[in-house]
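Per-chain residue numbering starts at 1, and chain names A, B and C are given in the order in which the chains are listed.
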Amino acid sequence: MESCTNVPRAQEWIIEKLLFLCALISVFTMFAILAMLLFGAISFFQEVSIIEFFTGTKWTPLFKPQHFGILPLLWGTLLVTIIALGVAVPLGLGSAILLSEYAPEQVRKIIKPVLEIMVGIPTVVYGYFALTFVTPILQVVFPETSVFNALSAGIVMGIMITPMVSSLSEDAMLAVPQSLREAAYGLGARKHEVALRVVLPSAFSGVVASIILAMSRAIGETMIVSIAAGSTPKLTLNPLEGIQTMTAYITQISLGEAPFGSLEYRTIFSVGLTLFLIVFAVNLIGHWMARRYWRQY
Amino acid sequence: MIPGRKVKEHALFIICSIATLLSIAGLIILLLDAFADGLPWLDFQFLNSLPSHYPDKAGIKAALIGSVWIVGLTALFSFPIGVAAALYLEEYAPRNWFTSFINVNIANLAGVPSIVYGLLGIGLFVESLTLGRSILAGALTMTLLILPIIIVASREAIRSVPKAYREGAYALGATRWQVTREIVLPSALPGILTGTILALSRAIGEAAPMITIAALAYINFVPTSPFDRFTVMPIQIYNWVSNPIREFHHLAAAGIIVLLGVLLSMNSIAIYIRYRYQKRVR
Amino acid sequence: MIGNVKIDVRDLNVWFGQNHVLKDITLKIKRNTVTAVMGPSGCGKTTFIRALNRMNELIEGSRTTGEIYIDGKNIYDKETDVYELRKKVGMVFQKPNPFPKSIFDNIAFAPRIHGITDPKTLQEIVERSLKEAALWNEVKDRLKDSALDLSGGQQQRLCIARALAIKPEILLLDEPCSALDPSATAKVETLIRKLAENYTVIIVTHNMQQAARVSDYAAFLYAGKLIEYGGTRQIFENPQNVLTEKYITGKFG
């Protein structure tokens, strides 16, 4: 950083524009994503009715007769997400309460980095864990469990998003003013009463925001479901059966190298657009709730 | 006092502790499982062999080199662009609707599922720009994916540079770019580097967008140019884990150990930079 | 005083958003003197000296009207190059703010950005500036050390040296001693007196003893208005305005 020369004004101007262009790449990326998805989806919908797409209950683009009803994929995504939240919400909230209300500083200093490590582990590793560890256990407990099933993928995805729920919820709980806790303790409240009746309700929208954001992560997660949940789009309530999610379907087609431009290939853009819009909407709600919460304190 | 309350107080503590222990146990079992399965298969032959239809001959070399290519090029593209964007947003951008529009965009991009970036990459780089299923297309896709992370981390580092430094430099007649280059950037660099390394370690672990770009090619060669086809470690692990033959699962586990090892060393570098920086600034 | 005017401020007004911080300030400052700007906190002292090198422009939402002539040229003219202006009008801040670089690089920063690259010239500038700021003897053996390792008083003298390196004509000091201990303060005050031989010095202070000790002229600001301005002795011994009198006798502020 030693080379300083007198920078002419024109150079100043050029540099500012260059930096601006780099910042503009984010806008460009967003437009490119939308354009790609819309372009692919529109050409898809020229051949497949949009009504069939959103109401059809069969998704068999790869077999004759072809059916293009996205509901089974949507349901697969929803089922796995519900299972994941079923795991992540109690575990995440439990550890958030422990960390914010019970744990002394030294314990927090150990637990928080461990939870952060979990966020950094590649999802393909979680997928491996689901298929080779959790599924065999499930098969012992419920012998009718198939090799690929929604439950195993959902549980492991829940483990994966637990740190998100706990760290965002803990932030929200820590933001609750100490004076509120003191007021409750002053009235003779015990820790659990303070935690459950004062802190949790005060931090409610912050906690909900953390759950919603974790949910959006689960909806968009790809590898765990591709590895462990199967590739059989199905409207089933039985979590021990194989299903297929939107993300896993996109992976499956990508892997198969369906020829560019074919109808089968273009399905991934209509599915991708649906996925994008859902995640976008969920994020919007999550960020809106988070903002509302943080403005309060 | 009602005796039940004391019990409840302890009960909540125990329940919360169990929840925390369970989530940590999840991590530990996950790691133990992978290590127990993979360690016996992890040897020099594994690191130095190309993929094969025979489990005991297969190795991770092509994927490891592919990952190095991808991460190297991604770093080359994303670091300057990300830092420049962050500098613009922190040091230059006027407070107007367009700047907030850019900010909203970056926040939204960070939440886009990674597989959607794969679709973007296939449409934009593989097809429209006719780069094919090449390393270059993969690295460009990965660049777009981690840019929001680098920008957010860099902005945080830039924001933590004391205002007094900037004022001191401006008062000496420095131009905005001189202040930015000579004062702000050197002070923010450790934080920027830490954030970039963490973003790159995300890029190493990402499988979904790479699968859409690279597809399920049987790559039995080591790529030597950015225009070659490629595979990366997460894809190779996915391939092995999807193989019904059990031995391949052990290869997947061995691959996971290598992948985690690479991530661990990258994170250690990031932590080391942060540590040295904290020591230097009192 | 007419022939010797260095700075001529006419109807200076500054707003920050809706906040009218300086109101119709008009005054002339003489070459090679020390002028103290006094007043209770929030009266606009700092804003006033930051108007002299156009540093207020860095604050979003600020607006300035009126004229400031330095050597007969209006610095708020469109043609004025703000970077050249700041080269001519050096500034030292309330809290010492050395850059996180070596002592040498701190001093050499301004000459370098203004185009001096020759190592020998830079070496000379660093030595001259540090000597002028009465810091040379303390740091000459460790010019490569980080400036952040210096004591507070040394850091502030380093900041003065840094400003002197590009030979400004005017030196603005914004409460330069407020973060220093008494002995460091004494050193800086002696230095200020000496600097007046070559520079026009304007110092913001809320310490009245300091104003009396170091300045030739004193201006008293209150709520954004210039209440009184004159020779320091006259202001302290015979204030014309009741507000000034109240302030210097410690009745408020």
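One rule holds in what follows: contacts are C-beta pairs under 8 Å (C-beta built on N, C-alpha and C of every residue); 3 or more make two chains touch, one makes a residue touch a chain.
Note that this is a predicted model, so its numbers are computed, not measured.
Participant: Shortest hop count from subunit A to subunit B along touching chains?
Facilitator: The fewest steps needed to get from subunit A to subunit B is 1.
Participant: Of the chains present, which has its C-alpha mean closest to the combined C-alpha mean?
Facilitator: Nearest to the common C-alpha centre lies chain B.
Participant: Of all chains present, which has the mean Cα position farthest from that of subunit A?
Facilitator: Farthest chain from subunit A, going by C-alpha centroids: C.
Participant: I'd like the Å distance between the centres of subunit A and subunit B, where a centre is the mean of that chain's Cα atoms.
Facilitator: 17
Participant: Can you give the whole-Å distance between the Cα centres of subunit A and subunit C?
Facilitator: Roughly 55 Å, centre to centre.
Participant: With chain centres taken as the means of their Cα atoms, state the distance from subunit B to subunit C in Å.
Facilitator: Here the centre of subunit C sits 48 Å away from the centre of subunit B.
Participant: On subunit B, where are the residues touching two or more other chains?
Facilitator: Residues 175, 178, 182, 186.
Participant: Hunt down the residues of subunit A that sit against at least two other chains at once, touch-wise.
Facilitator: Only 4, 7 qualify.
Participant: Mind pulling the subunit C residues that touch 2 or more other chains?
Facilitator: 109, 113-114
Participant: So in the complex, which bits of subunit B are touching subunit C?
Facilitator: That would be residues 95, 162, 164-175, 178, 182-183, 186-187, 280-282 of subunit B.
Participant: Show me the residue ranges of subunit B that touch subunit A in the complex, using the header's touch definition.
Facilitator: Going by the criterion above, the answer is residues 5-6, 8-9, 11-13, 15-20, 22-24, 26-27, 29-30, 33-34, 37, 80-82, 84-85, 87-89, 92-93, 101-102, 105-109, 111-120, 122-124, 127, 144, 147-148, 151, 175-178, 181-182, 185-186, 198, 201-202, 204-208, 211-212, 215-216, 234, 237-238, 241-242, 249, 252-253, 256, 259-260, 263, 267.
Participant: Would you tell me which residues of subunit A are touching subunit B in their complex?
Facilitator: Within the complex, subunit A touches subunit B at residues 1, 4, 7, 11-12, 15-16, 18-20, 22-27, 29-30, 32-33, 36-37, 39-40, 90-95, 97-99, 102, 111, 114-115, 117-118, 120-129, 131-133, 159, 162-163, 166, 190-193, 195-196, 213, 216, 219-223, 226-227, 247, 250-251, 254-257, 260, 268-269, 272, 275-276, 279-280, 283, 287.
Participant: Please name which positions on subunit C make contact with subunit B in the complex.
Facilitator: These residues of subunit C touch subunit B: 53, 55, 58, 60, 83-87, 90-91, 93, 95, 97-101, 109-110, 113-114, 146, 148, 159, 162-163, 166.
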